[in-house]
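Both complexes shown next keep chain A, but they swap its partner, so chain B is in the first and chain C is in the second.
The block that comes next holds the complex of A and B.
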């Protein structure tokens, strides 16, 4: 009957009260909700998590060691790698729900900072993305034949050029299916944020179902489609580009 | 090899002295959160001083219990929203300047603990004043008076509390009803009811309609309103009705920080002024008057000071 209001709420969220907006943070993130917020949180998490994960992955990658390294450089590299390992193992061992709860409940008692729910979401999922991405990056670089490096050196390619022109494109190609997979996983797992009151689509759905118990089937159906369509589109897009590349290679 | 090992250890120790590994590597996120200005930890002084200096009062507010705070056709409305908005206007006289509201959503799990930690200055979340809760926070004077009864299906025939001895009753999670109904039944010498917990009132009412439980209990005003909003008719001639006897009285109070009488006084005085100005009665009429979903006569309940001046 009032499916139009339901649909609007599920896609864009409900307009918040003016008094509910925390002035210290950008308003558009607080006035957006529903599927739009789910997509926004996924987007920001992939950006920040992407930077974090690339950094962690590069620190942790097991590339053949340069022979002529100063002692200081060896020490710094080893220390950074240990830290990155500790961080990845520390976060990877936590279920995502616990990670979300920690990010929600800890900032105030520990740091004295009040963080609005949407930032909790971006923060938790950036960590999550970063940690899993670091493993993908690491395995991407592992897939490269060490012989290539010797070949590069024999040809006299400077290490930087070798990295950007040979190693990185090959590693990216190997990582691609996993990257798409990670993006889809993050997109779907943001539903965990409903637990801590982030107004993303699952949360809005639960609120709508609580207020209008008779429309629960409709609401669930809309949520189902909202998750399924973007996820499937993304994987379709990925497999299409995969196929194109595969054809080119086999020609 | 040995040199390498020693140098690594040294590097680890130097880096280990940095605040934490998390901050080190998570710098992309921490910088975004820090750049938008952060509030400092609740000062040890009175909340009143904090409100004075920031000009803002953080009100923890419930959003899933009609008619106190709930979503009605996309909009957050409720008795507590109206009450706190009107109260904060009177708070000006005791703070010394205009005060802005910031509503922070709280749940039944966080409505006490966030007042305790200072995350909110005031909590308005249909909270019954109980001695157990008073150990952790303080309460303002009561702003709503109700009792707890059990709601049941009209088609099961007329019932009172004693008919629920040994029966299954649904309750809301984190509600004080659990202890109160058990204590009441024990005192009466009746078989203890089997209590089944639900996440929210709407789910409990739905369970009652579906026949999963024999009754559902909480503050009468909340269960009646939730049932009405879910499309049920409440009353002897409708679908659902509440027992005539109430097993507990409920006094709703605003939660304020423990042992902070400056702040509690300011809140109480603002509530007094709300009553004296007649605004309270208007708001009460809107939500609990004869034409509301759930009329609750005000009776002899008062929110005025014994002596003002």
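The block that comes next holds the complex of A and C.
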């Protein structure tokens, strides 16, 4: 029972040999592993996916009907919405495991480039986050009372000021619980990356169990707890903000 | 750059046979684990709404535990942990060929927790006045639940239920981590088996992707129709 080694491996990973670290990519992503890498991948996916999701969500937003637009602008907006909708529906219909495998196995035969697994992970989960986030963004903006738009125009607010000072803060407040839940889902689903050799905690746990079958109970316990504790804490936080949102709506 | 050859790697024997068998296994897994999850979720819901504190705590604990654990580690627990504990307690090896059962149990445990949570939201959204009306008419508590509460609750949360069951179908791809025998692999498992033999991933993966897109569409339509039928039952009775 060398539980200290196991625990260290599960939390921080087993560092690779210095000569096997690829200098073209950030070293800290290659030398960390375990729960630390899980958290890193979650963090980067949420950042990149956040940008993608906001963009997709704004593209997919229903156009305000009463504004007058030129035919060209309507055409461009409609086309962009169609494209974004197709992309979102396509990616949402795929199981995350399949998305991860596609991102891992397609780049080499199609583009002829080899992408290191941790970047594949960040890419796949950015897509995943972005697509689900676009749905949240859309419904967040839909929850805003259309009367506010008239009020803003009556007060003479320029559209940009109205968007940043009125619409965005309200929509963000409405989206908060869903955003936290999405973060939990992404955090949990990064375990799928164990199937493509990203050294995150599930992968390390599987390898450790294969090498030391006697210590299975310890390894499984540590894996389950290190997913369960952060996810539960965040979901408690989400349900608290949900109650706050409910209060806001009933006021 | 390699040319894509669907005719050779997907629509030719023996690969087409493997993939079709995989599709049928995916369907079986989706339906069986979906039904298992529905039964499990229903009983957890009854526990959460129970008068006894013990059952409420049990139901709540189940939901918090299984909702916040990802499915792959859960499957690892079922694959390694359960046989290990079995060996220690009984002193005998865990029976073989139980991988499929364990996989279905894992999927049902995960989805059951979500379904219980969704159904609870639905039950709480049914107006309390309806319960009073039922009691005034002299209906038994069981009849109130069966005839008034559940059909409306299901209708209210139908979109969430549907999307969770579709999610369950997609989760069957997590079987990739389970060492299933070859004839029990689901579609992605068969795809990766082809990839292992032919060293080509594009064609089988695209096939699996198409299968899942179509399944999501078909299951979504079927489940939505079923949810609407539930509401028709309430209106017909009124």
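In this section, the second predicted complex is superposed on the first by the 231 of 251 C-alpha atoms of A that agree within 3 Å, B and C clash if a C-alpha of one lies under 4 Å from a C-alpha of the other, contacts with A are read in each partner's own complex, and residues count from 1 in each chain.
Quick note on the criterion: a residue touches a chain if its C-beta (ideal position, glycine included) is under 8 Å from a C-beta of that chain, and two chains touch if they have at least 3 such contacts.
Nothing here was measured: the structure is a model prediction, and the numbers come from that model.
Asks: Identify the partner contact of A:48: answer first if only chain B is touched, second if only chain C is, both if each is, neither if none is.
Replies: So A:48 only meets chain B here.
Asks: With both complexes overlaid on chain A, does A:90 touch chain B (first), chain C (second), both or neither?
Replies: both
Asks: Examine A:112 and indicate which partner it touches, taking first as chain B and second as chain C; both and neither are also allowed.
Replies: Both: A:112 reaches chain B and chain C.
Asks: When both complexes are superposed, which of chain B and chain C contacts more residues belonging to chain A?
Replies: B
Asks: Taking the superposition as given, does A:25 touch the first partner, chain B, the second, chain C, both, or neither?
Replies: first
Asks: So, A:241: does it touch chain B (first), chain C (second), both, or neither?
Replies: A:241 contacts neither chain B nor chain C.
Asks: Just which bits of chain A does chain B share with chain C as contact spots?
Replies: Touching chain B in the first complex and chain C in the second, residues 90, 109, 112 of chain A appear in both lists.
Asks: So in the complex, which bits of chain A are touching chain B?
Replies: My answer: residues 2, 5, 8-9, 14-17, 19-26, 48, 51-52, 55-56, 71-72, 74-76, 78-80, 82-84, 86-87, 90, 108-109, 111-115, 119, 122-123, 126-127, 130, 197, 207, 210-211, 213-214.
Asks: Under the stated contact criterion, what part of chain C meets chain A in this complex?
Replies: Within the complex, chain C touches chain A at residues 1-2, 64-65, 67-74, 76-77, 80-81, 84, 170-174, 176-177, 188, 192, 195, 200-202, 205, 208-209, 212-213, 216-217.
Asks: Flag every residue of chain A that touches chain C in the complex, lowest number first.
Replies: Chain A reaches chain C through residues 90, 93-98, 101-102, 105-106, 109-110, 112, 184, 188-189, 191-192, 194-195, 202, 205-206, 209, 216-217, 220, 223-224, 227-228, 231-232, 235.
Asks: Of all residues in chain B, which touch chain A in the complex?
Replies: Counting only chain B, the residues touching chain A are 3-4, 7-8, 10-12, 14-15, 21-22, 24-26, 28-29, 32-33, 36-42, 64, 70-76, 81, 85, 100-105, 107, 117-119, 200, 202-203, 206, 229-231.
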